[in-house]
Amino acid sequence: MKIRNIVLASVIAVAGAGAFAQAKEQFFPVLSGRTGPVAPNATPWANGHNDYMKLVNARGGINGVKTLVEECETAYATDRGVECYERLKGKHGGATVFQPLSTGITFALTEKVPGDKIPLITSGYGRSDSADGGVFKWNFPLIGHYWVAGDVVLKHIGNKLGGMDKLKGKKIGVGYHDSPFGKELLPILQERAAQYGFTLLPLPIAAPGVEQKSTWLQVRQQQPDFMILQTWGVMTGTAVKEAQAVGYPREKMFGTWWSGAEPDLQDVGAGAKGYSAVMMQHGAERQSDVVKEILEKVHAKGEGTGPKDEVGSVLYMRGVLGALLAVEGVRAAQERFGKGKVMTGEQARWGYENLNLTQAKLDALGFKGVMRPVSTSCFDHMGAAWARIHTWDGSKFVWSSDWLEADEQVIKPMVKASADKYAAEKKLTRRSGADCQS
Amino acid sequence: MFYRENGQFKTSYRADQQIFPIAQDRWAVLAMLAFGFIAVPFLFDEYMFRAILIPFVILALAALGVNILVGYCGQISLGSGAFMAVGAYAAYNTYVRIDGMPLIVALLAGGVFATLVGVFFGIPSLRVKGLYLAVATLAAQFFCDWAFLRIAWFTNNSTSGSVSVSNLKVFGWAIDSPIQKYLFCLTFLVVFGLMAKNLVRSAVGREWMAIRDMDVAAAVIGIRPMYAKLTAFAVSSFIVGVAGGLWGFVHLGSWEPAAFSVDRSFQLLFMVIIGGMGSIMGSFFGAAFIVVLPIFLNQFLPAVGDLIGVPISTAFVSHAELMIFGALIVWFLIVEPHGLARLWSIGKQKLRLWPFPH
Amino acid sequence: MSEIKPLKKIGDVIMDVRNISLSFGGVNALTDISFDVREHEVRAIIGPNGAGKSSMLNCINGVYTPQQGEISFRGQSFKHMSSRQVAEMGIARTFQNLALFKGMSVVDNIMTGRNLHIKSNLFLQALRIGPAQREEEKHREFVEHIIDFLEIQAHRKTPVGQLPYGLQKRVDLGRALAMEPQVLLLDEPMAGMNLEEKQDMSRFILDVNDEFGTTIVLIEHDMGVVMDISDRVVVLDYGKKIGDGTPREVRENEEVISAYLGISH
Amino acid sequence: MGFFIETLFSGLMAGMLYSLVALGFVLIFKASGVFNFAQGAMVLFAALAMARFAEWIPAWTGITNLIFANVAAFLIAGLIMFAVAWLIERLVLRHLVNQEATTLLMATLGITYFLEGLGQTIFGSDIYQINIGMPKEPIFLFDGVFPGGILVNQEDVIAALIAAALVALLSLFFQKTSTGRALRAVADDHQAAQSIGIPLNRIWVIVWCVAGVVALVAGMIWGSKLGVQFTLATVALRALPVIILGGLTSVPGAIVGGLIIGVGEKLSEVYLGPFVGGGIEIWFAYVLALVFLLFRPQGLFGEKIIDRV
């Protein structure tokens, strides 16, 4: 059933390539995770990404340049991700940008992209320090990275308590995916713990995370005042179930934006009521204009990548945003290197570095209420640090906070320090102002 | 009728003990080496190197190591991934912690540490056999997974626990282009392949095989099971460790323990089964087969589906991959327990008789 | 065959088995067995199936550890030794149900018998330079002599698994001979052979015995063969020793006869 | 103290699930000398089948009754497992008789991969839930005795009861039915069994079917606790140390071993984990088994193996 629904993008690509071989096409490779431990979460992402790309074509492309998508399955495994990258980077006139959707793969590709001159968009994951464009010329953690997520969660908790100072003396547990992905969250929390004087209780959860009993026994023993989850795939659902099993109140549990989507909670249902997660700007946006447009211009034509009912769900929307950013970067690049031309990875990189999505532009694209303005620069490859919290009401997510912004004053220095450490290890020199113009 | 040993009379035992007693074989192998070192770099594009050739060469080296343990000494191991990991992380630490540490020395050091760990986890093999030993080696696997995740020292205290190396040099000669990387790994493969071949046709090799075929009899003619098994573990994990180092340093460049998970162990074991247990050549065949098959399916199945008008999803492809793998393992175990290597030698036999079958 | 039986000088006791008792989980395989073996003689151990003959050899080989008793070899006596030590002392062994290394060629099988004499270490063997190479050739030469002696030149490179039973038995013997043993334990070397094969095998055994002067301890079922080629015979039954002496003496022994003819007493 | 008891208790619960998987291993090993690595894949396969049919049946028949759907799904899943068992015997084992154990082990590795692929192809790779109406919220006992009382999961208790019932059923099956006796005979001595005319092949099919049912029950319990997804197959790896501990040939061994491992894991993780950074339970179980191997290779209840020459 599912199999039949998911029309493999590459098939379209092949067909498409046959159809308008002459037509100008901008190639956006997709490293999908439709199998393995993260399949339930990574699949909607890919579907959303591909649907939006189709929508862009339905709208007439990027100033006439059609988007072209080809998938390669990584199953969330780093070595397969690398193979996929190598396979796709040269195809269809060269890849515009890669979005690995895996921190492990991001780490591996970060070493390779400078050589191949292909940018990486890692919205909300990957290396947090890669927000520093001065060192990471090719990485773009657009609109958020783990440290933003962590900071906003704490801010939200603070607000609930009625002031950050109330965090003093509290005990906050962190259940994290025992991998680079999970660990990347810790630095900001440690920083803040030192600052506000709460104690941190790190609880690593071994992937894939189907057996978490002992973790939650510790939670029951330590009775932390709050639990923060940095989990992915089946791990999140299991965590919530185990929390329920040890009677830890879901109201005190907060996921990062990889730990708060429908696939994680729908089979827990009412059991997960009260569980909240920080959302990187968007949440489930079934009412948004862009979703309506996708339904009418893509799904109605039977060209939908995934099942219809998934359109507008959290991770689907994240895929849509990923595609949006990838496309708008190219649009920005065309402004400089020539409208209606196919951009190389190098040119696209400039686009991502000089992104300026005003609210007006976003609204026009149908992202009213979904996204806030984003503007990047040579040294800021993130562009925005806004987020919201949504809470599970037993069957769906509802917003439970206003827009919150992470404290750049705290994060910027951490990013810079970490980036410098990386530069030192790799014997890199910071980019000069001149390099920014290139 | 050209592939014959007719007229090639051995006048000394040395001549008879050569790796390839038949002249044509010697030429064939030399030709293959020449091809590998000289022709290949000109033939293939970057993708071939990065995605197929380099992984193949490195995994072939690892499979060679596993084959010594599983194929020659008959000690089943599901911890090969762990020994690769030890090799990679030990090499990493020697490389980054000691200034001006030459790359090759670092890699070999990785191998040495892998040897130590391998021997340690090989100790149970003195008491237990078969599946029990498999479980013992799995213990090695899970322990190492944990250690490299949890003990910050191993990863040089990187916050994410992911480590990376760059600007590799050998004798002031940078290893960064795919071709250089390929040649670098290939050199390792050839050198270790030759040494392994020498070992398995020497006293030690005979001891391993004796233990594999009939351990009690082996003991009675004075072979110490302990010595034989532990040397097998040592040699095996050394080679596997070096392969691990290459995998991290040369192929991935940046890695985390997941790169050497238990799946890797299974993968290596399958290479040995499919390639041919107790055959050096087999290790190479197996590695080639298992590296290429999934990539082939990934690109072939959708194409087929496209032809017959049935869209094939990425998900289905990788599930089909699992199935085909499993089926092949079983098929080989049933039909050709000696794997591709046996098919190869049968082919040679036929060629020898050709065109006169009798 | 009796006329080819050579005249040779039997030396004094080389191996002495004293009061060996062995049991598996309560079941007694051997109870209080004692006998001695003289240098250069052919010593046979006979007895019906399950009499504990093979167990006896396994005790001597250090495969099993007897609960009681000790074995002395060339004066020095020991309760238990590792198979390795036994082999180093020059005691070799063939097996009742073939225990050859099926995956290996005839040459390699016999070469394993030389392993005790190989000195060069792992690295030399890996590089196969100088000494290692020469050593390998030296031993190969020795092995070729054995191959000639056993008349299996034609099968050098054949994997033993593919050889006919009779030849495998020879390879088994060859592997033991390659150790240049002082005492050779043969566990039913002629089991399941036809007459010619048996004659060949007896010939080989006797040749070994008087060419190399190797002492031979032999388990055999075929009474004829035993009586022909052995100098002294031990008879076991249900793990007990019921007779010991020259073939003639044993043949007269009441207990032995009853054990074999199954007369109750 | 109260917490210690809780840990102990949840350890027992986890262990009980391991025992169920281990039980599958042991049954097959006893009867056919095969170390069935595919047991975990069978658990996944069975659970997937059950979960999906429980979804589909109401969709097809229109009968939305939960019990009916589950029972029907359970039966269908059971039948599917029988089919799987039959095919495995037909296509694999039959061709590998009298091979040494390692070959068979590797064959089952192949089967593992095949089943994982097939299961996800047919039933999909999302998270599916098995809703057999298990109560999810915990209850607290002895509030008086211990501060905060002792937390007990009704779900776990029910699961334990189901498992116990299954074990009881199995032992009845082995003791009372003629087939069961035949199975025991085979387990004790293949040749003898054959000589008195017990058809080995049939026995193997039966025992694999039984293992399939055990897998189904394990999958059902686990699935209703944690949802059914690909990763469920990894429970096989969690259960391996159990068999080593309990002994490959002993059913009580599998059960006791499972409980010991379960408790050992949880206690080690909760009380040792924090000092070494946590996440130690997996390898702890293995190291436990490993140490055990060195001193008692045949396991707690296994039979001693003697080499004969």
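Lettered A, B, C and D in written order, each chain numbered from 1.
By definition in this document, contacts are C-beta pairs under 8 Å (C-beta built on N, C-alpha and C of every residue); 3 or more make two chains touch, one makes a residue touch a chain.
Keep in mind that what you see is a predicted model, and the values were worked out from it rather than measured.
**Student:** Just grab the chain with the largest centre-to-centre distance to subunit B, centres being mean Cα coordinates.
**Tutor:** C
**Student:** Any chance you could check whether A-B or B-C wins on number of contacting C-beta pairs?
**Tutor:** By number of C-beta pairs in contact, A-B is the larger.
**Student:** What is the distance, in whole Å, between the centres of subunit A and subunit B, each centre taken as the mean of its C-alpha atoms?
**Tutor:** 37
**Student:** Whole-Å distance, subunit A centre to subunit C centre, using C-alpha means?
**Tutor:** So the centre of subunit A lies 74 Å away from the centre of subunit C.
**Student:** Would you kindly tell me how far, in whole Å, the mean C-alpha position of subunit C lies from that of subunit B?
**Tutor:** Result: the chain centres lie 41 Å from each other.
**Student:** With chain centres defined as C-alpha means, what is the inter-centre distance between subunit B and subunit D in Å?
**Tutor:** Computed from C-alpha means, the inter-chain centre distance equals 33 Å.
**Student:** For subunit A, what residues touch not just one other chain but two or more?
**Tutor:** Touching at least two other chains: 2-3, 34-35, 39, 43, 178, 204, 206.
**Student:** Please list all residues of subunit C that touch 2 or more other chains.
**Tutor:** Residues 63, 95, 99 of subunit C each touch two or more of the other chains.
**Student:** List, in ascending order, every residue of subunit B touching at least 2 other chains.
**Tutor:** Only 146, 149-150, 216-217, 220, 315-316, 319 qualify.
**Student:** List the residues on subunit C that touch subunit B in their complex, please.
**Tutor:** Its residues touching subunit B are 61, 63, 82-84, 86-88, 92-93, 95, 99-104, 108, 111-116, 118, 120, 122, 125-128, 132-133, 136-137, 140-141, 144, 175-176, 179.
**Student:** Mind listing the subunit B positions that touch subunit A in their complex?
**Tutor:** So the residues of subunit B touching subunit A come out as 45-47, 50-51, 55, 96, 146, 149-150, 159-162, 164, 166-167, 176, 251-256, 258-259, 263, 294-295, 298-299, 302-303, 305-306, 311-319.
**Student:** Can you check the complex and tell me which residues of subunit D touch subunit B?
**Tutor:** 35, 91-92, 95-96, 99-103, 105-107, 109-118, 120-121, 125, 237, 240-241, 244, 248, 276-280, 282-283, 286-287, 289-290, 293-294, 297, 307, 309
**Student:** Given the complex with subunit D, which residues does subunit B contribute to the contact?
**Tutor:** Residue positions touching the partner: 74, 76, 123-124, 127-128, 130-132, 134-136, 138-139, 142-143, 145-146, 149-151, 215-217, 220, 262, 266, 269-270, 273, 315-316, 319-330, 333-334, 337.
**Student:** For the complex, give me every residue of subunit A touching subunit B.
**Tutor:** Subunit A reaches subunit B through residues 2-4, 6-8, 10-11, 14-15, 32, 34-35, 39, 43, 71-73, 75, 77-80, 82-83, 86-87, 90, 103-104, 107-108, 110-112, 115, 127, 178-180, 183-184, 186-187, 204, 206-207, 418, 425-427.
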